[in-house]
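After the structure tokens below, expect a handful of questions from me.
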Amino acid sequence: MSKLNVALLGATGAVGQRYVTLLGTHPSFHLQVMMGSSSVGKVYSEAVRWMHPDAIPSSIASMKVMPATPESAKGCDVIFSAMPSEAAKDLEPKFAAAGYAVVSEASAHRMDDDVPLIVPEVNPDHLKLLHDQRKSRGWKGGLVTTPNCTVTGLAMVLKPLLKAFRLTKVVVTTMQAISGAGYPGVPSLDIVENVIPYIEGEEDKVVREATKILGTPSGGSILPCTIPMAVSCNRVPVVEGHLENLYCEFSTPLAPTDVVKALEAFRSEPQQLGLPSAPAVPIIVRSENDRPQPRLDRMAGSVPGMSVVVGRIRRGIDDKSLQLVLLSHNTIRGAAGSAILTAELMESRGLLG
Amino acid sequence: MSKLNVALLGATGAVGQRYVTLLGTHPSFHLQVMMGSSSVGKVYSEAVRWMHPDAIPSSIASMKVMPATPESAKGCDVIFSAMPSEAAKDLEPKFAAAGYAVVSEASAHRMDDDVPLIVPEVNPDHLKLLHDQRKSRGWKGGLVTTPNCTVTGLAMVLKPLLKAFRLTKVVVTTMQAISGAGYPGVPSLDIVENVIPYIEGEEDKVVREATKILGTPSGGSILPCTIPMAVSCNRVPVVEGHLENLYCEFSTPLAPTDVVKALEAFRSEPQQLGLPSAPAVPIIVRSENDRPQPRLDRMAGSVPGMSVVVGRIRRGIDDKSLQLVLLSHNTIRGAAGSAILTAELMESRGLLG
Amino acid sequence: MSKLNVALLGATGAVGQRYVTLLGTHPSFHLQVMMGSSSVGKVYSEAVRWMHPDAIPSSIASMKVMPATPESAKGCDVIFSAMPSEAAKDLEPKFAAAGYAVVSEASAHRMDDDVPLIVPEVNPDHLKLLHDQRKSRGWKGGLVTTPNCTVTGLAMVLKPLLKAFRLTKVVVTTMQAISGAGYPGVPSLDIVENVIPYIEGEEDKVVREATKILGTPSGGSILPCTIPMAVSCNRVPVVEGHLENLYCEFSTPLAPTDVVKALEAFRSEPQQLGLPSAPAVPIIVRSENDRPQPRLDRMAGSVPGMSVVVGRIRRGIDDKSLQLVLLSHNTIRGAAGSAILTAELMESRGLLG
Amino acid sequence: MSKLNVALLGATGAVGQRYVTLLGTHPSFHLQVMMGSSSVGKVYSEAVRWMHPDAIPSSIASMKVMPATPESAKGCDVIFSAMPSEAAKDLEPKFAAAGYAVVSEASAHRMDDDVPLIVPEVNPDHLKLLHDQRKSRGWKGGLVTTPNCTVTGLAMVLKPLLKAFRLTKVVVTTMQAISGAGYPGVPSLDIVENVIPYIEGEEDKVVREATKILGTPSGGSILPCTIPMAVSCNRVPVVEGHLENLYCEFSTPLAPTDVVKALEAFRSEPQQLGLPSAPAVPIIVRSENDRPQPRLDRMAGSVPGMSVVVGRIRRGIDDKSLQLVLLSHNTIRGAAGSAILTAELMESRGLLG
């Protein structure tokens, strides 16, 4: 089978680099075009401040960074956008209008009524919005977004809880890795031997995006899920892996052992289709008292960084409330990995190329 | 005025050292006797693995460590105990029986019916348990305890909330400093570039002790406060300062601005009495988005380390819920500092000497 | 005695803030004027991203930031410059020409022939360059500089070694704190759980500045000390305190115990004059195996942050070589503190006001 | 080809765990027996406090921990020892006497005259000591040791320098990872936001072991290399990867570019034999200013963790001195990985089985 050609918008940033590490060995996507802004004309290895332990794949290192225009992407079947939100706002619609399928990690269009906000295991059915989007916007291509890095793991854990139990309230406290802020991102003077109990705009995004992802398609848009959520976001001196402490309430009693079963049993379309970036077990449940931990568990599972790891599933205040801890890799499952898995899902549905 | 003589049980451990830094310059307590176990007979400066930036006060450095017996403490007016809980269990009652006032940081007797568990600004009235304690136990002295380091700051913030508003539920997520585990405590291999979402026994202690502290004296014991609490404890790579994210529910609507006022206005007996270790402002409210932070705020206030710093006071899910962040210095306000303030309070009430 | 009036250039940066913490309680300097660039017109507390645990002194918090011109500093006796080097290049001479005594932490003019580069305990006699400087430049005021933060502690330790022994070679390896890079400075993604074995331009600066400081005034300039030095600079995840490992060779044998004595006995003009920022003991020698350590020892001494702490004084390869470890506080002794002590020295010599 | 059977002494410790991660997929060694002390009788997964991101290989997880006696190892061709030095002292000779080939990471016998201390790329010829060892000790098996984790990378870099240039002096300053101290090892209270400029016994070990490894077999022992070395060891808050700053002197001038060539060209017997754990390039030279860095480079190369990464090769004080930075993975190249490579070398020479 010939590979699909892929273009990357915002190739030199932190998320852009993560795409490069993941696409370098991808079985069905071929990274053909790198697009950027300030580094146009440079060879990728010189344009980037490479931050990963593994080297830049040699085939990619020598690629030239092209200007961020639809013309640069000629011949590509899908555009991954790792642009800053500001730049993405105007640019992504141009690519979609020019006939490209755009899968974007930028926040600019996530909340647009007709733009699907996808976590492949959670709401693959939301891709049907693309139909309305093309009609109403007159685009030949389309724009699909993936959520904020803090939302993905949360939505994946809430989905089976919503399905199996009568969830009525969620209180989330996050401890987020510094890589979530990009590069240069968080100054070391702010975070070494410290915790910052605030991430700008993050708490609102978590509520807004999670309720859209868990919502129901209706007409050409999504009716958000109405479960009330309270969110507190903290930055901690961890390189990768967002940890979240959840307190949940339900309208009927539930046993923690049943929750374990529901989470462990969770499978979805990406697993059924055997998509290359789909982890065999989307939610790994640990039974030890002191897991998950970011440094030990962020790369767990059959596709490193793509599984959410859950632990400490226990009774809350009473038998109608529950507490648990979840961990998801913020630049893989929470960013580039989810976008790639989304594109794989779109390909399998004939929405690419 | 002549000073009261003070003895320290468990003088070489992490909390013991904090007592030494605080008592070295205390205006009305004179550290007269150091007691330990494995280091008996050694000079303090040689017995201790001193961990503080400031030097051991020279008058204390040369003191000899005595065996942990009532005889060693002869002539002392109060015994501060920083013993491990195991050792404290049998030992502290011996001192109390021998006529000493014991103020203990150990967890061994905190939940005993007739033992006051004191945060001086929160429940000074619980000291009245001492009366019953002496009678029922036949002690000439008495035993007073101070709570777990995570509880103190929480109780101080909940007290004015309980007083001013109809609090109905509390969800607490902590990010706790490594010094809370003592020395050697947390291995660096476990916590560098990591978060551990578990501290053994801690969550139960927080609920149990907080509800006792916020409870009501009745007969010779305390009727615990009945507000339901859910607690999740995490260890983070911070040296000192426990950060806590709170989500609270109330039975009637409340405005965050009113909460700010209630917390800022909070004063109690230690402030009214002008006790030496009482901070002028027990709860400092910060208005910035990103405060309190452990490294920046743990030593805030007129008595460094004794104020609780609160920030991000904001609406929760609706106008009957609230979120906030609090920080308290775990080895000062959460340990030695609170015990010393408790002794000052006891002295002012004539319960010492 | 009335205080001297002081102006601060570059008041909002990392070093500027350190000046504020030190001048807030200074016995003979009164911080009268704050000057900046982008924040002109704002009140200081709003212009600054304050990074210190202690609050901004209230008298300073409400000061308005003035434009960086000689007019703003009218009535001031000394100007402290914490400007970026680029800006300092043209600006500092303007202040000196206008009659002000400028004491600068910027690197722009440190190596100018007629500009003294001062560590007050090491080369107070270099201030005599000011005489020639005024003549040749036609300035009514003058410009004095203080060295790079890595140099100060090194020069202080080398001075007594040079005096007492025949030093012939120095190999220095540094482990430098992140605050040395200013704010935002080192991105956390670069330094958390990591060491960076490079600091741009630093190694050359250390050699150049140390040999000037240890040099001899001759004519209107300084003959540099000719001892060969090899320097390697590393950045480590420490907030404050530069640690340096020294290997030194001598032309004659020496005993480590004699080195201990020479370092401990070191006193200089600032101590003799009893200057307010002069530590009683400029070089504190620790006898423990594992000291100095940045977190424990950076604030040692009678004037916190102004003493250099030395340890592990031991034989090198043979009895003509020596190894030791030194620590100096990079933003106090290595920056603002040394500049203030330099101004105190100038005042005592009648070079101010 | 059938695999050789392997037994592991000290299977549950930090180094023991590293063996497990490396042997789990080894092409020619089959981990057949796990031996321990306190955990005898338990299944490995329950006996160990597993600290690695990757799971325990399932075939190993269910193995039972056997007592540390020659009988337990029956049928094994080689014994890897990751025992504490104390225990290794008596135990390893018992296994060697019983006919086993023992490859040990323990320090107990490293400096014994007739015991080879091997870095496979540096001194494979030292294995000939085994012949004398068997004769003089009357052993049927034999004992081979591998050096301290700080020595391995250093010896690998010094070897080609010694061969190509007239090296006369070495000054080494290390920044060592916490995993080098095992588990629980360094308390977090000692190392978070800190550097400890001391590691007990380490500096002597580095000199002693490096000069033995770089020495010449003569009679039944090794004449140590006589190049003088000065060593300073520091502990830094890094999880894995020892960084070392080298200053070297030579008797004749040399060009840094020639040093780059000599290091890059270095190959040895393990590469020629194509041993499974031999990295294609033993010494990787980076040309960037700011590399190697522990977090980015510790897993570099064709066999992750087995290459030494060198950077900042530059002139020292003059053209007869040199400075460089090297990094080696302390628990792979510096411990289990080197021991496994040593066993592979022994196998290829017919010294096993």
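The chains carry the letters A, B, C and D, assigned in the order they are written, with residues numbered from 1 in each.
Note that contacts are C-beta pairs under 8 Å (C-beta built on N, C-alpha and C of every residue); 3 or more make two chains touch, one makes a residue touch a chain.
On a predicted model such as this, the values are computed, not experimentally measured, just so you know.
Colleague: Count the C-beta contact pairs for A-C and for C-D, then tell me which is higher.
Modeller: C-D
Colleague: Select the chain at the greatest separation from subunit D, using centres from the mean of Cα atoms.
Modeller: It is B.
Colleague: Averaged over CA atoms, how far is the centre of subunit B from the centre of subunit C? Could you give it in whole Å?
Modeller: Taking the average C-alpha coordinate of subunit B and of subunit C, the gap between them is 40 Å.
Colleague: Averaging only over C-alpha atoms, locate the centres of subunit A and subunit C and give their separation in whole Å.
Modeller: About 48 Å, centre to centre.
Colleague: Can you work out the whole-Å distance between the CA centroids of subunit C and subunit D?
Modeller: It comes to 42 Å between the two C-alpha centres.
Colleague: Among the residues of subunit A, which ones contact at least 2 other chains?
Modeller: 51, 192-193, 237-239, 295-296 - these are the residues of subunit A that touch more than one other chain.
Colleague: Residues of subunit A touching subunit D in their complex?
Modeller: 51-55, 192-193, 239, 295-300
Colleague: Name, in rising order, each residue of subunit A that touches subunit B in their complex.
Modeller: Going through subunit A, the ones touching subunit B are 169, 171, 173, 175, 193-198, 200, 228-230, 232, 234, 236-239, 243, 245, 247, 289-296, 311-312, 316-318, 321, 323, 325.
Colleague: Which stretch or stretches of subunit A touch subunit C in the complex?
Modeller: Within the complex, subunit A contacts subunit C at residues 14, 51, 178-179, 183-193, 237-239.
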